[in-house]
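Here the chain labels run A, B, C and D in written order, and each chain numbers its own residues starting at 1.
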Amino acid sequence: MHAVDGVTLEVEKGSIQGLIGPNGAGKTTLVNVITGYVPFQAGKAWLEDDQLTGLPAHRIAGLGVARTFQNIRLFKDLSAVENVIVGMHSRRRDDTLAQLGTLPFFRRDQRARFNEAHRLMETAGLDPGEVGKRAAGTLPYGDQRRLEIARALALQPRLLILDEPAAGMNPSEKQGIRELIERLNKDGLTILLIDHDMQLVMGVCDRVAVLNFGRKIADGTPEQVSTNAAVIKAYLGTGSERQASSAPGATGVEAVAAEEAQAKAGSKPAAEPANSILDVHELSVSYGSVNAVRAASLRVAAGEVVALIGANGAGKTTILSALSGLIRPASGTAVFDGLDLTTAKASAIVRHGLVHVPEGREILGRQTVLENLELATWARRDRAAAATQIAAVMRRFPILGERRRMRAGTLSGGEAQMLAIARGLLGKPRLLLLDEPSLGLAPQMVDEVFAAIKEIHDDGTTILLVEQNALRALAIADRAYVLETGRILLTGSGDDLLHNPAVRRAYLGG
Amino acid sequence: MGQQILNAIFIGSIYALFAVGYTLVFGVLDILNLAHSAVFTLGAAVTYTLVVNHGQSFWLACVVGILVAALMGLVIEYVCLRPLRRRRAPPIAALISTIGLALIIIAAIEQGRPGTLFAWLWVDGANPVTMPPGTFPNPTWHVAGLTLEGSKLAVIPISVVLMLVLGYVMRFTQVGRALRAVAENPRAARLMGIDVDRMIALTLIISSALGGLAGILFGVALGDISPYIGRDSVEVRGLAVIVLGGMGSIPGAVLGGYLLGLIEVLAVVLLGSNVRAGVAFAALFLMLVLRPQGFFGAQLREKV
Amino acid sequence: MRRLRLGSVLVAAIIAAACGSAGGGGTNGNSYAGKTIKLGAVLSITGAGGVYGPQSRDGMNLAVEQINKAGGVNGAQISLIVADDASLQAQSAQVAQTMIQSDQDLALLGPTLSNSAVAVHPLAENQKIPILAVSTTGINIVPNCNFPSTVACRYVFRDSLGEETAIPDNIQSYASDAHPATGVLLVAQDDKFSSDGGKIVQATVSKYNINLLKTISFGKNEADLSPYVTTAVGLHPDVIFITSLGGIPAKIMIEARKQGWQGQFLGGNGFNTATVSKNAGAAGMGARSASAWYLGNSFPSNAEFVTAFKTAYGHDPDQFAAQGYTGINVIADAAKRANLTFSDLAGDRDKLRAAMETVNIQSPLGPFQFTSTHDVKQTVWVIKMDGAGGFTLVHEIKPS
Amino acid sequence: MDFFIQLFSDPVAFWQSHTLLVSQIGINSILASSMFVVLYSGQLSLAAPGFMAIGAYTSVLMDLNLHTPLAVDFAAGTALAGVVGALVGLPVLRLRGVFLAIATIGFIEALSLGVILNLPITGEGLGLRNIDADPVGGVYIVLISLAVAVFLLWRLTKGRLGYAWTAIRQDELAARSQGIDVARYKLIAFVISALLAGYAGAAESHLYFILDPNEYGVPRTVQVLTFAVLGGSGNVLGPVVGALFLTTFPFVFKQAGDYIGVVSGAVLIAIIIFRPQGIVGRGGFAVVRPRWWPHPQLRAPSTG
C-alpha cells in the first residue's frame, strides 16, 4: 500500500506553498520523505540545485531544510533558549576545545548565541525574558508551537516546512500564527505549509496542492482549489450534490463573529434528553499545560446515535479517552449508568458496558484476527454466548471470517477498522464510543463502515460517534455536538446541523 | 562424550527454565528483572532450610519453595516496579530497584547463621550445602558406560513439560492472549477491559515461580546450594540466553538455554580449561553485532 | 553469636583460671595495666572463603576471651575486630588499610585466602605493621611476600602449614601405602591457593612415579562441575588430585562417585574443614589430605582448646579454628615480651615484630616457633574424611 | 556515626586514616563519570570495566616490564582503552537500550576470556602483582584527575557537544531534524567514556599491590551504573555524588554490621523510588541550594 504515490510538487523560491488533504492523505509522509526520515522508494528531491534524495536527515537539515513536527517534538527538559541554541548546531563551529579552555572568545560566542536565540524567539512571537528559562515542556501549547518554529529558524533554513502549526489553536492564536508565517515570508523565507485549517491555508498561501490517498488531486491558487469539486468531495465526504455546492470558502476572520451569531440563530436550543444513560457535566481535561477539553457537557440517551464533530485538535478524542478511563479529567463529572467514569478503572468501565473503539484502531497486529476477537470478550462472563457472537460477528464482517488465521497486522486499513468495530461489539457494549471510524479509508470502505454502524445501532446499541466526515456522521446521528478548541460550540439535531454554516466553519477553519 | 551430552542437556534445561521466566518479564514489561537470579537462589535456599532445619518433607518443601519464589515475584512488582511505573520513571530506574532487592535477598541468606536475624531462612552462612542423601529418591543407573542419575534425569522432563505448558498457555488461552496484548499494546489491552496491572503481577508470579523452581532443581540435582548459585550459574548467563533467543521470545529462550548448555560443555571438552562462561559470551557478542534480533527476535524492532 | 560468646566467657574463665596456659598469667615485669591491645583480623566470612573464615574467627575470639579473662597481656586487654573481605582481593586490601590507618591496630591477622594475601601482605609490609597469616598456604606467602622481588618481608609471619609441605607429605604417605600409577589433577585455575597447589602436585607426582594423565582447570566460580568431572573420570585414574577451595572439593567428590569412579581423592588444606567433609558425606569417605592440626592430637594445650571450643560453640573445632586460636596466643606472647609503650604506634609495631620472631609457646598445633623465614615448623597430620563430617588420623609426620 | 564525628572534629586524623577510602571514592567517581558520558548521550553502555582492565593491565605491565615513568604508563593505558573503545563502538552503537547493554557485557566477558583469564602475561586469572603500588600517596593523583575530569565534562556538557548529546538523549528524531549527526556524537561519547574508564583503571591499579581480575567483571559495571543512576545522570555532579554516597555508605553505617548488605539494598530501592531521576537533578540539590546560588538549567534524568 502506498502512503505517497507519484507526487510531484514544486515550491517556488520565496513563496508560501500550501499542502492540504484529509487525514491519512499522506501529507506528513511526504514531508518525512523529503526530510530524510522515510527512505525514497522512487523519485527524487532537490533543494535549488542540491540533491536531497537519499541523504540522511541531519545532512538534509544541514543543507537548509528546517521542519516542525505535527505532534510537537521539542527537547522538553531543555529551557526554551537552549532548544533554540540546539537548532544552531549545524552552522556553529566546533568549539569543544574552546569550551575546555573556557577561552574568552567562547564566552563571547556563547553570549552571541544567547542573544540570537532571544532574537529568534521574539521573531516567533515569544517573550524570551518570560519563557526563555522555562523548560520547553512546561510552556503553554501555543508557545510550544512557536518555540518549535523558532528552533527551526535557528538553522537559517532555505526552506521551512510547517506541519500543522495551527492544529488545536483557538482563532486568535491561529491568527497569530498566520501573521507570523506572513512575516517570515516577507523576510524572504520559502515556506511549505501543511494544515487542516482551510481558512489559514487559503489565506496565506500563494499556491495550494491537495493530496488524497497519497495522490495529488489538485494544485493551484487557493481560489482554483477551493472551488475544485474533487477537493470538496475529498473533504466533506461522499455526500450528495447539495452539500457539494456549498464549497469551503476562504471566509475571512472578520466574518467569524457574523457566522457565530448566524450559527446561534440557526440552531434550535439543544433538545437534550431528560433521562440519559451517559451524562457528562463540565468535563475538563488537560495535558500538562494544554487544556484539551474545557468544561464540556453532553448527554446521551439509551438508543441514540450522538455525533461529536469538530476540527482536528478540537478535543473530541480526548473526551472519549476520558470517558473510557484512559486519562483522568482535571474536573467535572461523567456518569455512565450509575458508574462514575472519572474514578472507575478502565477495566471496570468496559465490564459496565461502555466500550471505546479508539482512533487509529489499535488492533493487536502480532495476534491473529481470531485472537483479537476472542480477546475482545475478555470482560465477559458468558463464554458460550461470546463464542456464538464471535461466529455471528464473522458472519456480519465476512472479510474477518476469511482472514481469521492471519496476523491482524496484515489487514488493510478498512479491514482493520472492521476488526476494531467487531472487537468493540464483542465487549457487549450498551454504549459504544466510535472514534474516527472512517479515518483514511477509501470511499467504498467508508460506506461499508457506516452501514455497519447503522446495523449496530438498529440492534439497539447506543453510539457516541466521533467523526471528521461530518456529512456522513450527521446523516446518521440523532443529535450532534460541535466542538471547537475544547468547548462545545453548539448542539442540535443531525439534520439541523447539516445545514448550519457554523459546522462548516468549525471544520474548514476560522 | 555421551555423558557430556547428558551434562549439556541437564544444565541446558536449567538455563532454559530460568531464562523463560527472565524473558517473560522482559517481553511484557521491557524491563530486565535483575532480581530473578536472587529468586533462583531463594527457591533453593528455602527448600533446603525446610527439609534440613525444619524437618519438613522434601516434596512439601519444594512446593513451599516455589510458592515463596512466586510471592517474591509479587514483592518485585509491588515494591520495585509498580511505584516506578506510577511515577513514569525510565526503565533504568527499575533496573536499579531490582538490583537493590537482589542485594537484600542474597545478603539475608549470606548472613543467615544460628542466632542471627535470618536464622529462620538459612543457617549456613556462605557455606555451600547439599541435600542430605535419602531426603528424596535418587536412583542411579549405569547403562552402556553412561551414568543416569534420577535427580538429573528428572530435571529434563520437568522443565520441558513446564515450558510446553507455558508455551501453550501463552499461545492458546485467553490469559495468554491477554498477556501478549499487554506486551504489545497496553492501551489497547485496557480498552478491551484487561486489568494491565493485574496482568503484570501475574507475569511476575509465573516468572518468579519458574525461576525458583529452576533454583530448586539446580540445587537438588547438583548437590550444591549456597547464596551464590544464582550469581555463579545463571545471573549473567541468563542474559546471554535470552539475547541468543531474542528478547521476549519464549521458544527462543528455551532454544537459547539448551544451545548455551551445549556450547559450554563443548568448550570444556574441546578447549579444556576455564573458557566455559566466556565462550558463550564471545558468541553472544558476535551475534549481537551480526544478528541483533536473535533467532526468534522478530519483534526486536518494536522492543527497542 | 552473642549468646554463644557469653556462654563461652564463663567456661573460658574457669579453664584459664584452672590452668593459666595459652598466654595467660604474666611472667614479664613490665605492666600494661589499663591499656588495650588493638588487633584486626581480615577474614573471609562470605564468598568462596566463607567455608574457612568463620572457623578462624571463632578460634580467635575464644583465645581473646581466655586471655582477657586470665588478666590479659600484662594487664592489657586485647580487643579484636574481625572484618569480612568477602573473599575479594581489593576488598581485603581496603579492609586492611582501614585497620592499619583508621583503627590504628597494633598487628593484623589473616587474610583467609592466599588470593587476598598477595594484596594485603605487601600492604602491611609497606605500612610496617606485623601481620600473621593464619590460613594462607600458597607459595610465596612468606618470606618473599613481594614476589617476584626476592627481598624477604620483615613484617609477614604465618602459622599455617604451606601446601609446599602439606601436599608432598600427603602424596608421599599415600604413595607409600597404595603405590598408585595414574592420576588426574582438577584445579581452580583462577585462584592462587588452588593453582599453587596444582603446581606443587605437578612437581611432586613424578617423584613417586605417578603418571599425571591430565590437568583439568576450571574457574573458581563455576557452578556446574559435571563436565570436568566426567572428563576426569573418563580417564580412569587411580587418584584424583583436587586443589581448590570452599565447596568445590565436595562437589567434585560427589559427582565423581555418582559417575561410578572408585579411586582415591588426594588434596591439600582445602579439605581440612568440617564443612567440606560434611558436604562430601559418604562420597568423601577416605579422601586424604595433610593437615596442620588434628582433633585428637596429643599436645597438652590441645585438649583444653578442644573442650573450651566445644563448650563455647557446640561443635568440634577444625584446623582453621586451631590456627586462629594459636595466632592470637602467638601475638599475645610476643606483646607480653615487647615492652610496648602504647604511645608510639610505629615503634610498638616494630617491637612486636621483633618479639614475634622469638615466640616459643605451647599451642594446639604443638610446640610453636617461627623458622628464620617466618614460617611455622610443626608436626604434619595426614588425615582422611570419615564420611560423616569428621576426620580420622592416617599418619603423623614429625618435623624433620 | 563516629565516621562523621571524626570527619568534623578531627579532619586531619580523618584524612590520614581514610586515604585509601578517599582514593577509592575518587576512582569510583571517575568511573561513574565515564558512565555519565554515555548515559548523557542516551546510551546504556556497560563496557566500563572492560576499558578499566585495559588501562590497568597496560599501565602495570609497562611499569613492571619497561619501568617507564608512571605518567607514561597511565597515558598508554588510557590511550589504548580509547582506541579499543572506538573499535568496539563502531559496530556496537547501532544497538539501543538493553541490547547495547548486553552487547557491552558480552564485550567485557569476551575480553576477560581472551585476555585476562588465559594469557600468561596477565597472570592467567591470578591477577598481577604490582609491587610498585602506592596505596597512600596515590590519593593526590586520583583527586586531581577527578577534579580535572569533572571540570572537563562540565565544560563539554555546556558547549556544542553537550547540546548535541542532550538533544540525542531527549529525542533522536528531533535531533536529526536539527542537523545533528547522531551516530557521530554517540561514538564520541562512547570513546570519551572509554578513555575515562581506562584512566580510572590505570589509576586504581597503582593503589593496590594486586590487580584483581574479579574487579573487571559484571558486578563492577552494575556497581558503576548504580553510582551514576542513583546520583542522577542528568548532571555532571550526579554520578560523583552517587559514588561518594555508595562508597562511604558501609563506613558510615558500621553499626549495620553484617546486615550492611540488606540495609544498603533497602536504601537503594528507597532512593530510586522516591527520586527516580537520582539524588542530584531536578528538585534534588535545588532543595538545599542557598537563595543566592545561580539557578541551574533544568536537566532531565537520562533514560539510558
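We adopt the following convention: a residue touches a chain if its C-beta (ideal position, glycine included) is under 8 Å from a C-beta of that chain, and two chains touch if they have at least 3 such contacts.
Computed from a predicted model, the values in this text were never measured in an experiment.
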Pick the pair with more C-beta contacts: A-B or C-D? C-D
Just curious, how far off is chain B from chain A if you go by their C-alpha centres, in Å? 45
Rounded Å distance, chain A centre to chain C centre (Cα mean): 76
Would you kindly tell me how far, in whole Å, the mean C-alpha position of chain D lies from that of chain C? 37
Mean-CA-position distance for chain D and chain B (Å): 30
For chain D, residues that touch 2 or more chains besides their own: 117, 125, 258
Chain B: which residues touch two or more other chains? 110-111, 116, 273-274, 277
Which pairs of chains touch each other? A-B, A-D, B-C, B-D, C-D
Inside the complex, what are the residues of chain B that reach chain A? 174, 177-178, 180-181, 184-185, 187-188, 190-195, 299
Within their complex, state which residues of chain B touch chain C. 3-4, 7-8, 10-11, 110-111, 113-116, 125-130, 132-133, 140, 142, 147, 149, 218, 222-224, 226-229, 231-233, 264-265, 268-269, 272-274, 276-277
Touching chain D in the complex: which residues of chain A? 35-37, 56-59, 61-62, 66-67, 69, 73-79, 82, 85-87, 89-90, 92, 94-96, 98-100, 102, 106, 133, 135, 151, 154-155
Touching residues (chain side chain D, partner chain A) in the complex: 152, 155-156, 158-161, 163-164, 166-167, 170-171, 173-182, 234, 295, 297-300
Within the complex, which stretch of chain C touches chain B? 1-4, 45-47, 50-51, 54, 189-190, 216-219, 221-224, 226-228, 230-231, 234, 246-247, 250-251, 254-255, 258-260, 275, 279, 281-282
